[in-house]
Amino acid sequence: MLAVAYAFPDVLVFACAALLILVGAIGVIAMKNPVHSALSLIMCLLGVALTFLAQRADFLAAAEIIVYAGAIVVLFLFVIMFLGVDKTQHPHVEPLVGQRWLAGVGVTVTVAGLITLMANSHWVSGVLSVSTGGTALAGGAGNITQLGDSVFTTYLLAFEATAGLLIIAVVGAVLLARRERPLDLDLDLDDEVEGEPSPAPDDDHGTMTPGDLVTDAATPREVSS
Amino acid sequence: MNHVAPLILVFPLVGFLLVLLNGRSLSNRFVGALATGVVALSFVASVVALVLLLHDRAREVNVQLFTWISVDTLHVPVALLVDPLSVTMCLFVTGISALIHLYSTAYMKGETDFRKFFLYLNLFVFSMLTLVLANNLVLTFVGWEGVGVCSYWLVSFYFDREAAASAGKKAFIYNRVGDVGLLVAMFLIFTHTHTLTYQGIFSSTSLLSPTVATLIVLALLLAATGKSAQIPLFNWLPDAMEGPTPVSALIHAATMVTAGVYLLVRMSPVLALSSSGRMSIAVIGGVTAFVAATIACAQKDIKKVLAFSTVSQIGYMVLAVGVGAYGAAIFLMVSHAFFKALLFLGSGSVIHSLGGEQDMRKMGGLAKWLPLTFPTFLIGWLTISGVPPFAGFWSKGDVLTNVFAHDKVLWALGVVTAILTAYYMSRLFVLTFRGSERFREVTHQHDPHESSLVMTIPLLVLATLSVLGGLLDLPWAHGFSLTDFLDPTFGFVAATPTQSTVLQTGLAIVDVAAALVGLAAAFTIWRHRVESPRFEPAFLEHVWYWDDAYDAVLARPLERAARVSNDVVEDRVIDGAVEGLGGSMRRSGEGMRKLQSGMVRQYAVAMVLGVTIIVIYLVGRVR
Amino acid sequence: MTIPASWYLILAALLFGIGAFGVLTRRSALIMFMCIELMLNAVNVTFVTFARSMSDIGGQTIVFFVMVVAAAEVTVGLGIVVAVFRRRASTSVDELSELQG
Amino acid sequence: MHSSLWLSALIMLPLLGALVAMLVRRREGASYAVAVVVGVIEVALSLAVATMYSSHVASAQSFDFYSRHVISAPLGLAYDVALDGLSLLMVVLTALVLLLSLLGGRDQRREPAFVSWLLILTGLTMGSFVAHDVLEFFVFFELTLVPCYFIISGWGGAERARAALKFFLYTFTASAFLLVGILYMGFAYQHQHGGALTFAYGALATTTLSHSTAVWLFVAFAIAFGAKAPIWPLHTWSPLTYAEAPTAGSIELSALLAKLGSYGLLRFAVGLLPLAQVSVRPYMLTLAVVGILYGSILACVAKDLKRFVAYSSLAQMSFITLGVMSGSTIGVTGAVLLMFNHGVITIGFFLIIGFLERRRSSIAITDFRGLQRPAPVLAALFTVTMLASIGLPGLSGFVSEYLILIGTFTTHAWWAAVASLGVLASAVYLLWAYQRVFHGRAEGANADVPDASTAERWVLVPVVVLIVVLGVFPKPVLDRITPSVHTLVTQVAPVGATK
Amino acid sequence: MIATAGTLHVSIHYLVILPVLILFGASLVLLIASAMWRRTVPTAVTTATTLAASLAVLVVTYFQWRCLDKSGPSSTVAHAVVLDGFSVVATAVIALSVAMAALVAHDWAVRENVRGAEYSILALASSAGAVLMTQANDLVVIFLGLEILSLGLYVLVAIDRRKGESAEAALKYFILGGFASAIFIYGAALVYGATGSTNISSVSYFLGSNVVLHPGLLYAGGALLLVGFAFKIAAVPFHMWSPDVYEGAPTPVTGFMASIVKVGAFAALIRVMISGLGTQLATWRPIFWVLIILTTVGGALLALPQRNAKRLLAYSSINHAGFILVGVWAGTVLGNAATLFYLATYAPTVVATFAIVTLMGGLGDERHSLESYRGLARRQPWLGASLAVLLLSQLGAPLTAGFYAKYSVLAAAVDSGGVALALVALLSAAIAASFYLRWTVVLYAEPDDEIDVSRVVVPRGTALVIGVGVGLTLLLGVWPGPLAALAQHATVYFTP
C-alpha cells in the first residue's frame, strides 16, 4: 500500500481526496446532527480542494477552502446554532412511503447512466484549450495569472454578473431575515450593508436565541407576529 | 287537349285553395257546393278529354306543363299523359268523387270540421288525378303520396278518438312501407334507363336485364300491396274504417286503394319482362282475395265486412294483373268502384239512420224502414255476389276466365273466393235488412228514417251504374269494349290463350253456381241467427291474428330495440363513452393531484426520475 | 502516474449522486442545502478535471463563478429558512405541505 | 364576377349590428329593434346576392364575388371570400335564421346581450359559409362556438351549463383534427410549390397527396365536421344541447350550425380530397345509414320535443351526409338542397316548439294532448312542417331527399336502398309524435291552449312558403346549385361514377 | 468563434447590454435610495422608477432593432452576449411585462398598505437576469442570469411575510430551484467537457465542424441542461413546484413570475438546445416530444379539479409551457418564430389575468376560490368581460391572440412533421378548454347571495394593465400580421 503510494504519489493523493470526499459526503447525508453534517461537509470540501490541487488549480483550491469551508460552512453552522435546530430528526426514519427506495434507484441509475455516457465519449471529447490557445495550464502563480486573464476577457460579463448576483443575494437575505413587520417593510440597510444577514429574534416561540443579541436596540419596535 | 287535361287537375285544386285560404269566411253550404261543383267540373273536363282522345289517332297525348326537377341527368317534368288508361281512371274517379261529394254534403252536415272535410276531399281528388294523369313515375309518386296523406287526414278525421288517430297513422305508415317499394323501383329504373317518364321507360325496356326487371316488379308489387291493401300490408284498410263513411266509400273502396293496381297496370311493359314477377303478383292477389274473404265472413262491423270485401276484390284485380289480364283488372276496378261505393254509401245511410251504429248484430229488419237504401243496397249485394246480369258478374267472370287460362290452382282459389264473397255479403245483407229488428236499443226506440234526397241520389245513380256496368266490356262485344279501348296502353300483353265459347260458357256457369252456393249458405245459416261461433272462428274474427303477428314480430322487437338504443346504446355506450372519457379525465386529474402532495422531496424525486428516464433513453441511444 | 480524468469524473459523479440522494432523503432544509453544495462541488470537480484534460483555464474560471453562485444561494436560502423557522420552529420540509393538490 | 363587397357586407353588418345593439342597450327595446332591422337588411342582401349570383361565371370553379387579401403571410392568414352554388343557399339560410329566430324567440329573450350574441353568431356563420380560404373558414368555424356557448349557457334551461360545456368541448375537440389537417395540407402545398404559406382553397386543391395521407386527412376532416353535423356516433351532444338551449339557440344550432358540418364535409373533405373520399365512401355511407335509422329509432322514444327534433335532425343530417358522400351530382345537389330545406323545416319545428313551450312551460311530450282542437292553426303549421320533414312530395323535403336517394342509388345502390327505410321511419316517428301532441282529447290545461297569435302565424309564413315553393318549383335553386356541384363531383370522374 | 485570449482588451458594444444595465442600474438606484433615505421610499417613486426603467428598455430595444436592421446580429463582450432579433423581441416582452406587473404590484402594495422598495428592487434585478438570459451566448452567463432571476424571485415569493404560504412557497421553490440549478450547471460542465467551451457559438461551431462519434458526454450534458430548463418552464414532471409557488406567492409576483420566467427560460432554451446543440436535434426531439405530451396533457388534467384561481392558472401555464415547447420541438426558423410569437402574446395575457386575480383577491390577497368570481360579469361587466377575453385567449379561441399563438406553434410542428404532436397538444387544449369555460360560466352565473358581492375597486394602474392586456389580446387576435412578421423577421438574425 505504502509502496504503491510511494511509487504513484498521485494515486495516493487521489485516494486521500476520494476518501475525504466520499466519507465527507456520506457524512453530510447520514449524520443526525446538522452540526456534524456541516463538519462532514468541511471534510468533503477539503477533499475537493485536494483534487483541485492535484489538477493544477491551485488558486481554486485556496478559494475552495476560504470561500466554502471558511465562509459558507461557517454560515451554515451559524444558522444552525442561531436557530437552535431540532436534533429530533431521525434520518433513518422515512415518513414518505417509497421515497428512499425511489431516490436510491433513481439516483443510482442516473449516476450510472451518466458515467456510462461519459465513458462513451472516452471521458472528454472537446477540443483542447479553446481559451488559452493551446498553452498548458500553469500551476502556482501562473495559474492565478491565467485565471485573471480569463476572468477579465472571456468571462468578463459573467464576472460582472456575479456582482449583480451577490447584490441581489444580499438584499434578499436582508429582506428575508428581518423580523415580521407586515405593514412596514422598508429597508434599513444602514447597519446591514455588509451583506451578512441580520437574523432577528424569533419571538413567536419565545426561545432565547443568539439573534436577540444583535437586535437593533436603537430602533425599538413593537413586536408583532 | 293541352287545355283540357290540366283543367281536370286544376278544378279540384282551385276548390282546395279557395277553401284553404278563405275557409273561415265561407258558409258550410257554399263550401259543400263548391267542393262538389269543382269535382263535377273536373268530371266534365274528363269527358271532354275522352272525346278528344277518341278523335286522336295516336290515343296518347303528352301535356308538358313545366320542369319540376332537373339535375344532371335527372329530368322530371310536370307533364300529363292522356291516354285511354288515364282517361278511364279520370272518368270514374271524378264521377264517383262527384257523387260522394254530393252525398257528403248531407252526411257530414253538422260536423265541426265540415269545411276541413271538403278541403281534404278536394285535395284528395286532386292528388288522385295527379297520380293518374302523371306522365312520369315521380309525378305519380306525388299523387301517390298525396292520396296517402289525405287518407291519413280523413281516417283520423275524428282525431279526438284515439282509435281514429291511430288508424290514420297506421294507414299512412303501411302505405309508407309500400312507398319505399315504389322509391326503390324508381331508383332501379332510373339507374338503368336514366329516365323516369313512362314513355321513356317503355322505350328503353331493353336496357333492363331480367333480374333487374324482376326486382323492379317486386318493388312495384310492394308498392301496390301497400296502397292497395294486399298481403302483407292489407290490415290498415279495416282500421281505416274509422274515417267517415263517405271517405271509406271514396278512398278506401273506389279510388285510392286501386292506385296500386293502376300502377301495376301502368307499368305493364315492365311487368312483361318478368314472368316470375308476374307470378308473384298473381299469387299475392289470389291469396289476398281468399284470405280477406275468409276474414270478411267473421266480422261483426258492417264497414269492416265491406273493408275486407274491398281487400278481397282488389285481390282479384291484382290477380288479374298477375296473369296479364290488364283490361280485366281495370274493368273490375271500374265496376267495383260502382258497386263498392254503392255498398259503402248504402251502409253509410244505414249507419246514419241508426245514429252511428255499425254493429250488424244491432241491426236487422231495416228493409221496410229504408225504402230507397234497401233496393239500392240489394243491387249492390247482388252485383258483388256475382249474380248475372249485374256488372260484378261480368267483371269477375272476365278475371276468372283469364286466370283459368293461366293457372288452374289460382282459378280454383278465385272460385272459392267467389263462393265466400257471395256468402259473406249475403250474411251482411241478411243481418242488416232481414230478420228481427234489433236496433231499438240503439235508436232509443225511435224508428230509423231514410236519409235525405241528397244522400239517396248518389245511391240511385250508383245502383244504375252497377246494373249497367257490365255493358262496358261484354265478352262478345269485341271492338267496342273497355278492353279494346285500353289495349293500346298496354303495348305488349302476354298472349291470352283464346278460349272456346264452350269453355267460356262453362266458366260462367261455374261463376253463377259459386254465387248461388254462397247465397244459399248464407241464407241458411243467418236467417235466424245473429251470432254463430262455429261460422265465425276467432282466428278469422281476429284477422288471422295478423296484427298480433306484426306486433310480436316487428312492433314489439322494434320498440324494445328503440328502448335499448335509447337506454343502453345511446346513454351508456355512445354517450357513456363520451362522458366516460370526460370522467376519466377528471379522475386522472384528481389522481395526479394526489401526487402533488405538497411534499417537496417528492417533487424532487419526480424530477430525479424524470432525469433518470432521459438518461436511460440517451444511454440506449448511444449504444 | 497521472490520474486519468475518468477517475475524477467518476468521483464527481458519485459525489453528485450522493448530494442528490441527500436532497431527496433528508428532511432538514439546512441539510438539503448542504447536499446542494455537495452537488455543486461535484460540478466544480468536473470542471476542473475537464480544464486539466483540455488544458483550458476556462473550466477553472467557471468554478470560480459556481462558488459565487453557491455562496449567493446559501445566503438567500438560509434567509428563507430563517423566515420559515420563525413560523414553524422547524427546518423540516416535510411539515411544509399546506400548499398541495 | 361581382364585387366581394356584398359578401363583406353580409359578414360585417351583423357584427356592426351587435355593436350598435350593445351601444343602445339602455333604451328599452332598442337593441331588439336594431337586431330586427339588421335581420331584415341581411335577408334582403342575401336574396339580392342569390339573385345576382350567376352560375355561369367564367372561372372553372364557378365562384362568384371573389376576392382575396392576405392578412399575415407568415401565418398564412388571408381574408378570402367567394360564393358558389354550395354556399349560396347557406348564406340565405343564415340570414333567414337570424330574422326568424329573432322574431320567434320569447319576449324575455330580447335582451341586448342576447340579440348581440345572436348577431355576432350570424356574422361569424356567414363568414364561415363564404370563406374561400381554408384557414379563414376554420377561424370562423371555431369562433361560432363562442357566441353559441354564451347563448346556451346564458339563456338555456336548467342544465344549460353542462349542455353548453358539452357542446363546446365536443366541437372544440373534434375541430382539433381539422386544424391539424388544414395545417398539414397547407404545408404539403408549400413544400411542393414553394412560396408563402397559403391556405387558399384553389391552391390546396392542387396539392398532391399520397393516398393514405389523403385518407387520414379525410378522416380528420370527417371527425371535425361529423361532430358538428352530427354524424353518428358523434352526435350525443345534440339532444342535450338542443333540449337545454333557448329556442333561438336551438334554431341556430340545428338549422344553421349543423350545416357548417355537412357544408364543411362537402366543401373541404370531399372537395379537397376527392380521391380519398372514394375510398372512405363506403364507411361514411354506412355511418350515414346507421345515423338515419338510429336517429329515427331514438326519435320514437324521445321524451321531450326538442330531443325529438334532435334525433330527427340526426336522421336528416345523416341523409345529407349520405348525399354528400354519394359521389353523384344528383345526390350531392340533393344534399345541398336538403341542407337548406332541413334548415327551414327545423326553424319551423323549433319555432312551434317554442310557442308550445310558451303556452305550457314544458316541452315534455307527455304534457301535451289533443292540441289540434284548441289550436288548429298551430296544428296545421306543424303538420306542414312535419310533412315536409317526412318528405311528402310537393313539399321541399321531398325534392332534396329524393335527389339524395336516387343519386346515391346510382352509385351505391345498397346503401340507398337501406336508407330508403328512413323515409318510412320518419313517417313513423313524426306521426307518432303528432298523434301524441295534437290528437286525442284535450283536457285540462291543454284544452285552453290558445291558438297561434297573428304574430306567431306571420313568423311561420316564410317557413311555410319556402317549404311549398321549394317543393313545387325548386328549379331556379337547383339550377344555381348544380354547376358548382358538378365541378366538385367531376373532380373524381376518373375514379368514381358521376351519375 | 475564437476567444481573444492573450489581451486584456474586450470590446463592449454597450447598446447590447444596455437593457441589463438599465434594469440593474434602476434596481441599484432604488437600493441606494432606500438605504440613504431616512424615511421609507414612497411606493409611487419606486413604481415610477420601475416603469421608467422598463420603458427605457423598450426604447432601447427599438434602437437595438434599428441597429440590427443596419448591421445584422452581433455578439459582444467576448461573445458572451449577442444582439439578435430574438433577444431584442424577448427583451421588449420582458420590459413590457415588468412595466405591467409593476403597476399591478403598485396597486397591490397600496391596497395592502405595504411600503418600501423591495418589490421594485427585486423585480428589476430579476428582470435584468431574465434579459441576460435572453441575450446570453454562454452557458455560464445563462447560469448566472438564471440565478439572478431565480434569487430575486425566491425572495419576491416570500415577500408577503404575513402569510405562511408565502414562505413555504419560497422554501419549496428555493430547494427545488437550487437542485435544478445544480443539475443545470452539471450539464454545462459536461457540455464543456464534450465541446471544450461553454460559449454557445463555440459549441455550435465545434459541433458543426466535428463529427462527434461518441456523443455520450454531449448527450449527458445536453440532457441535464434540458432538465434545468424544463424545471424553469415547469414542464411535467419537473413542474411540481409551480402550482405551490404560484399559489403561495403574492399574486402580483405570480403574474410577474409567470411571464418573465417563461420568456427568459424559453429564450435561453432555444439558444442552447436549438442554436448550440441543434446538430443533435434528432436526439433531443423524442425527449421534447414526451415532455410536450406530459406537459400539455398533464397540465390540463391537473387543472381540471382545481378550485383555486391561482392554482388553476399555474396548471394552465404548465399547459401553455407544453405548447411553447411544441415550437421548440420544431427546431426550425418557423418554430423559433412561433415560440417568440407565443411568448409575446402569452406574457401580457397572463400578467393581465393575474392583475384581475390580484384585484379579486381582496384585502389580504386571500379570496382566490373560483366561487368568489360568481356573477362578476354581471356586477362589473367590463371587468368580467376582460377576464373572459383573457381566458378565451388562453383557451385558444379565434380572434384572440391565444389562437394565433397556438396556431403558429402547431403550424411549426406540422411543418416539421409533428402531426401527432400537434394533435395531442390540441386535444389537451380541448381538455383545458373545459376549465377555462367553467370559470367563464362562473363569471356570468347568477350571483350567489350568500357570497359577499361587494364591487371590486379597480385602481387606475391595474385598469391600465388590464386594458393593455385585453387590448393586445384582441388586437393581435384580429390583426396578428405585424407581430407574426416581426417574430419571423426576428429569427432571421438568430444565430450570429
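Every chain is named by a letter (A, B, C, D and E) in the order it is written, and numbering of its residues begins at 1.
By our rule, a residue touches a chain if its C-beta (ideal position, glycine included) is under 8 Å from a C-beta of that chain, and two chains touch if they have at least 3 such contacts.
Not measured: the values here are computed from a predicted model.
Q: Based on CA centres, what chain would you say lies at the far end from chain C?
A: Result for the farthest chain: B.
Q: Where the centre means the average of the CA atoms, what chain is farthest from chain D?
A: The most remote chain is A.
Q: Calculate how many whole Å lie between the centre of chain B and the centre of chain E, each centre taken as the average of the chain's C-alpha atoms.
A: So the centroids are 78 Å from each other.
Q: Whole-Å distance, chain A centre to chain E centre, using C-alpha means?
A: That pair's centroid distance is 29 Å.
Q: Report the inter-centroid distance (CA atoms only) between chain A and chain B in whole Å.
A: Centre-to-centre distance between chain A and chain B: 100 Å.
Q: Between chain B and chain D, what is the separation of their C-alpha centroids in Å?
A: Here chain B and chain D have centroids separated by 37 Å.
Q: Mark out which residues of chain C touch at least two other chains, giving numbers and ranges.
A: 9, 16, 19-20, 23-25, 27, 33, 49-50, 53-54, 56, 58, 62, 65, 69, 72-73, 76, 79-81, 83, 87, 93-94, 96, 98-101
Q: Return the residues of chain B touching two or more other chains; collapse runs of consecutive numbers into ranges.
A: As it turns out, chain B has residues touching two or more other chains at 582, 593, 596, 598-602, 604-605, 608-609, 611, 615, 618-619, 622.
Q: Enumerate the residues of chain E that touch no fewer than two other chains.
A: Within chain E, residues 140, 144, 147, 151, 154-155, 158, 161, 170-172, 175, 179, 183, 190, 192-193, 196-197, 214-216, 219-220, 243-244, 305, 434 contact more than one other chain.
Q: Which two-chain combinations touch?
A: Every pair of chains in contact is listed here: A-B, A-C, A-E, B-C, B-D, B-E, C-E, D-E.
Q: Which positions of chain E touch chain A when the two form their complex?
A: 2-8, 10, 17, 24, 27-28, 31, 34-35, 39-41, 77-78, 80-81, 113-118, 121-122, 125-126, 128-129, 132, 138, 140-141, 144-145, 147-148, 151-152, 154-155, 158-159, 161-162, 170, 190, 192-197, 199, 202, 206, 210, 212, 214-220
Q: Of all residues in chain A, which touch chain B in the complex?
A: Listed in rising order, the residues of chain A that touch chain B are 96, 99, 102-103, 105-107, 109-110, 113-114, 116-117, 120.
Q: For the complex, which residues does chain C have touching chain B?
A: Its residues touching chain B are 20, 23-25, 27, 93-94, 96-101.
Q: Show which residues of chain E lie in contact with chain C when the two form their complex.
A: Per the touch definition, chain E meets chain C at residues 140, 143-144, 147, 151, 154-155, 158, 161, 164-165, 167-172, 174-175, 178-179, 181-183, 185-186, 188-190, 192-193, 196-198, 243-244, 247-248, 305-306, 311.
Q: Touching residues of chain C toward chain E in the complex: what are they?
A: 9, 16, 19-20, 23, 29, 32-33, 36, 39-40, 42-43, 46-47, 49-50, 53-54, 56, 58-59, 62, 65-66, 69, 72-73, 76-77, 79-81, 83-84, 87-88, 93, 96, 98-101
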